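Okay, so subunit A shows up in both of these, paired with subunit B first and subunit C after.
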Partner chain A sequence: MTTSRQLTRPKALAGLGLVGFVLLLGLVGPLLAPYGPLEQIEGANLVGPSPSHWLGTDEVNRDVLSRTLSGIRLDLLVVFVAVPVGAAIGVLTGLLTAWWNVADVLTQRIFDVVLAFPTLIFAIALSAFIGPGVWTIAIVIVALEIPVFGRLVRTSVRTVREMPYVEAAQVAGAGPLWVLRRHVLPNSLEPLTVQLAVSMSVAVFIEAAMSFLGIGVQAPNPSLGSLIKDGTTLMYDAPFLALGPLALVLVLVLGLLLISQSLSEAHRD
Partner chain B sequence: MTDPVGSTEETGTRDVLTIEGLAISFAQPRPAVNDISVSIRQGEVLALVGESGSGKSMTARAVLGLLPPGARASGSIRFHDQELLGLSERELSQVRGRRIAMVFQEPQTALNPVRTIGWQLREVLRAHGSISRRDARARALALLEQVEIPEPERRIDHYPHQLSGGQKQRVVLALALANEPELLLADEPTTALDVTVQAEILTLLRRIRENTGTSILLITHNMGVVAEVADRVVVLRQGDVVESGGTAELFRAPEHAYTRQLLDSVLTLPEAGDYVHSVPGPEAPAEHPALSYESVSVAYGSSRRGRAFPAVTQVSLDLAPGEVLGLVGESGSGKTTLGRLAAGLVPLAGGTVRLDGEDLFAASAARRRELGRDLAFVHQDPEASLDPRMSVGASIREPLDIHRVGTPAERAARVAELLEAVRLPAEVARRRPRELSGGQRQRIAMARALVLKPRLMIADEPTSALDVSVQADVLALFRDLQKEFGFACVFISHDLAVVNSVADRVAVLRHGEVVESGPVAQVFGTPSHPYTQRLLAAVPVPDPSRRTTEQVVEANRRRAG
Partner chain C sequence: MLSYLVRRIPSAVGVLFAASFLIFLMLRLIPGDPVDALAGQDATQESRDAIRADLGLDKPFWSQYVSWLGGLFRLDLGQSYRIGGDVGDLLRNGALNTVVLTVAALLIALVLALVTSLVAVIRDSRWLNAALNAVNTIGLALPTFASGLLLVLVFAVVFPLLPSGGTPPEGYLARPDISVQYLLLPAFCLALPVWAGLSRFLTEALRSQLRQPYITTARAAGVSRTRLVVRHALPNALPSAVTVLGIQVGTLLGGAVLVEQIFTWPGLGSLIELAISGRDYPVVQVLLLLSVAVFVVTQLLTDVLQAWLDPRIRIGGAR
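Right after this comes the complex of A and B.
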């Protein structure tokens, strides 16, 4: 009810527009792309932006625009699949453990340990075991989001369970699961939506950082992060290579942050 | 009302403070204060009376420039000949604390918990002029003596948490009096206190006025308090002055309908001697009481570490079906704990609680849930007693949903039925709690409590957070519902008059023990225990010709001595 109203504010509209733009590019982009992402074009080595190659070509004669358009898909997967999966697991864990003191203490200490670990160190360590790749990125993001959401929802459980309306339900015979589903979850949705938008923007960052470090998506497959990495190695010869993917990361993160900001502003009103 | 109230009545004394045509507005449609004109003479106690939203606190805050951000004030507030509205912060600080001081409602938060009270008094003294450490301490001691704190030499080095609520409020008064202000603004100074303590603070206020000639602007919603201390009264309603005049005249012959309504909604206690040995309340023919406490005890804190605090000790009480039992007592008396115990919300340390003959704490979790169908709970706080995310209809329906009673259509019909029973229109079911007033929310909470046709209701201060006129309506509704549905009820309240108006029997609690119990008319009419007598005497009577608190305080002192 309130969420639909919040999302019509100018700031939220701008954020939705930016995210929608990137989403659209990722969905229909490969159809528009003039070349295949791995296709090598005769005689087009590191040419600058031109009408035939809007973002130029790379050192092995591939069209950067086509690679960028197909690379978006991986980021969308990370943002709109990995983050929600991590969030869902985190919310469930938090809800179910926060009610019972022993389970709560155990779970929260495990969350502490996970959160205390620097994300990239964890990512590097994980890739040493299971190798780099899309799955590694997904696991890192899911593992990171579980404690973030678990802790957030746990705070709500602890606050809401003390409320008189919860007591009234308990006195009427409601069990913990009833209270969690009917009272706690609805009352913690607002902070959760804000956190979801923030986490999505962080996920874009993590993908870019992991691919940049070479422990994410592997050549020759493109992703925004790996394209930026490729671009920076040739920064002096062909500064245009990294610009397109960088701009897209910027647009996506900015859009998500605008959405989360307007959501949290609306909650304060 | 453009004439400052009372400024023409007497010419002998001068006005200390004159408020003329004060208006305060926020970005809301209705201004918080519309048009208020009031004046206070030297050495006078003027009461600003009104319900929530009347603008009484805003008026006092405007005097010291303490309005919340976004508020715009217009009109005039003159202190002697100085205009206070529109003064800079710097100029205001010359007036604040030094010439006009303020006492707030909550002594708990008005004192700094990490400093001794002596430190806080010295701080105030030194803020307004250079005074040596030694002089400051001497002055602080004198102030503590003035507010009648026992053993000031020892107390001066105590921290706020070592003092009782009443003593804290005395310290707050001492802080306000430190720089000998000409005017004291007291915003509900006794509302957070127990009645016996309230009586003492009111007496102290009167004595301060007599000894120092300080004028006092007293803000309160309690007509009894007004009758006890005020010289003149100004009745406010929705930002306007409704009526004003001398306390005695106003109570004897209120002119405005709203003033009469306010006075009529004040609940009174039976007079000593009113009680005739009549037939006692509903005799219990049933074999099982609806609820019985058999020498129950409750302790808070860890008993393993031997630091358990006994909240209730060895209490035995029976409640017949259809009977209303009032539990009264001051804070810490264990009345709320007893109520929560019947709902199984606090652990039992000893004894037995029986619901309809069945041992509640021996029952399995599933059986306890079943027993819950016959029991309902109504909370004090109308803000928090309904889930803000659920529609009112869903809140009332919830117990039916929990026990899967009936079809969705039958449940909706039952909700409509109950809304009618609590006299609210059916369309309220679709609204959210925040769209409703406090009184409406308490009606909804009662409707939810009754939806499963319980045989026992626990009502924990259900009307304490409401304005007096709303409280009167809700209590009348409660009596009707009780008659109609015939449930037994444990009615918990600190307000003796409220209990008197709804209960059949009453139990007076003190420090977790039952001091006295019996039919209401008997306990309140001819109290046999000294504590009950003291409690009854401390209730301010809304009749200025019978100022009783002085005697109570004397009795307290004799008892202490």
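Right after this comes the complex of A and C.
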């Protein structure tokens, strides 16, 4: 079954709809936002949700809806740029090194070491190294996805290269690059798309967790994670602050999970 | 069994050594000098040099690395720069709390996952499946800190049933009933994603076992559905579920960083944050290495447990 047909299943459509909704909000939202993300509104201190401030205002009189709409963009950057970049580098590394034994052993050992660090601890250590910030989040995600995708592709290279038709192609004079492009890559496409969706949902978690721990997005700039963090510090006085960004994180991750599940279900059937 | 374990040890040790070197190198390359932080701004050159010599930071890189590794083997982890005291003592205090938390979380996750997936497969009712699937997906989609905050909000603020954070004031054993109250929320929060991942996988594995011919045979012989699932499908589904569990246990320490932050639980996760922000190298490097070691050992145990559960791997040897 092709990927495009898998994506028309009801479950996948629901997932695509949820992700598309967040994507649209992130792209168009800031243009429609009633206030600037850093704009302070006179006399609106910790106002609850109301027609003029849908998600209320925070402790320094900023409109939370406007901040949320602009904060989505950072998560979109992480999900749709950092993850694909890491995935692309990982796939290339996996493809090119898996064919030659020495390079394969070497890269796999490096991947082993990187993957042996728990993600969040790896992120904390790296942020000590390069300082907190948006770039740190991006680098953590790219560094994490390279071994994940590298290893996935490596497995298919190793399986496919033993196939009789690959041997036949080689006898007919096909070089390694041709085999990798024509036989290995198409064969590993399905697990790769599933992993891509899973990795994207993990990336949302990583952004949120890093910003929550104070090593991601720095004040006063908004991201979904930093907005949730801001909301939680005032959880007892203004429990409404974190709800909007939290709901968006849920919608985004849920959408990505539904897509990955339906892709892997179709793959299995 | 033993030879199976022995065969897997060299690569595990290799990963640990490589990680120890990487950690040590990385911390030495971090911009910012721990001496600056310790000596203050108006320190004289002499006092700065004295501090540097005292910490052994004036020696060449390799000699520092070798003496650190040597210390690790003698279980002498060195002195903390900023937090104060022996690194070994700091670690022991934090480790107890983190181990209690993660073990409790693991137990909760395991029991819940077994119960929910067995019930789902045995009953096989449409509504139950849909409900479990929904709860499961939410468990996967909810970031740890978000579920933690919701738990605090519901069970400590709106309905003040349980403490919102902290460890039991009189230790874990003095009053077990109070300890359970303190543990319940953080452990459940940490367990949630593990349960969600594991039960989804186990349910799927059980269902695919039920489609196998040997199940049809057993069913034809009149075996009840409960017995079919528990005695026939479960033993065959467990080995692969153990792998999934192993991967998740390896990441528990990362999750513990968040959970300990939310529930002000003074464990290793809080310690690593404190140490990194204070540039306390001796503490940071040991904690990083420890987290890698936990992961590597878990992987080893997973392989062994899998071999024990699945004779094909045990006898067939290396995969």
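Heads up, the rule we're going with is that the second predicted complex is superposed on the first by the 268 of 269 C-alpha atoms of A that agree within 3 Å, B and C clash if a C-alpha of one lies under 4 Å from a C-alpha of the other, contacts with A are read in each partner's own complex, and residues count from 1 in each chain.
Heads up, the rule we're going with is that a contact is a pair of C-beta atoms (placed from the backbone, for glycine too) under 8 Å apart; a residue touches a chain by one contact, two chains touch by 3 or more.
Just so it is clear, the model here is predicted, and its values are computed rather than measured.
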For A:Ile121, decide between first (touching subunit B), second (touching subunit C), both and neither. second
Counting residues of subunit A touched by each of subunit B and subunit C, the higher count belongs to C
A:Asn187 contacts which: subunit B (first), subunit C (second), both, neither? first
First (subunit B), second (subunit C), both or neither: which does A:Ala103 touch? neither
Does subunit B (first) or subunit C (second) touch A:Met235, or do both, or does neither? second
Mind working out whether A:Gly175 is in touch with subunit B, subunit C, both or neither, as first, second, both or neither? first
The subunit B residues in contact with subunit A across the complex are 343-345, 369-370, 372-373, 375-377, 379-381, 384-390, 395, 398-399, 402-403, 445, 448-449, 452, 458
Where on subunit A is subunit B touching in the complex? 163-165, 167-175, 178, 182-183, 186-187
Per the contact definition, I'd like the list of subunit A residues that touch subunit C in the complex. 109, 112-113, 116-122, 124-125, 127-129, 131, 201, 204-205, 208-209, 212-213, 228, 232, 235-236, 239, 242, 246, 249-250, 253-254, 257-258
Over in the complex, which subunit C residues touch subunit A? Could you list them? 11, 14-15, 18-19, 22-23, 26-27, 29-31, 137-138, 140-146, 149, 152-153, 157, 250-255, 257-258, 261, 272-273, 276, 279, 284, 287-288, 291-292, 295-296
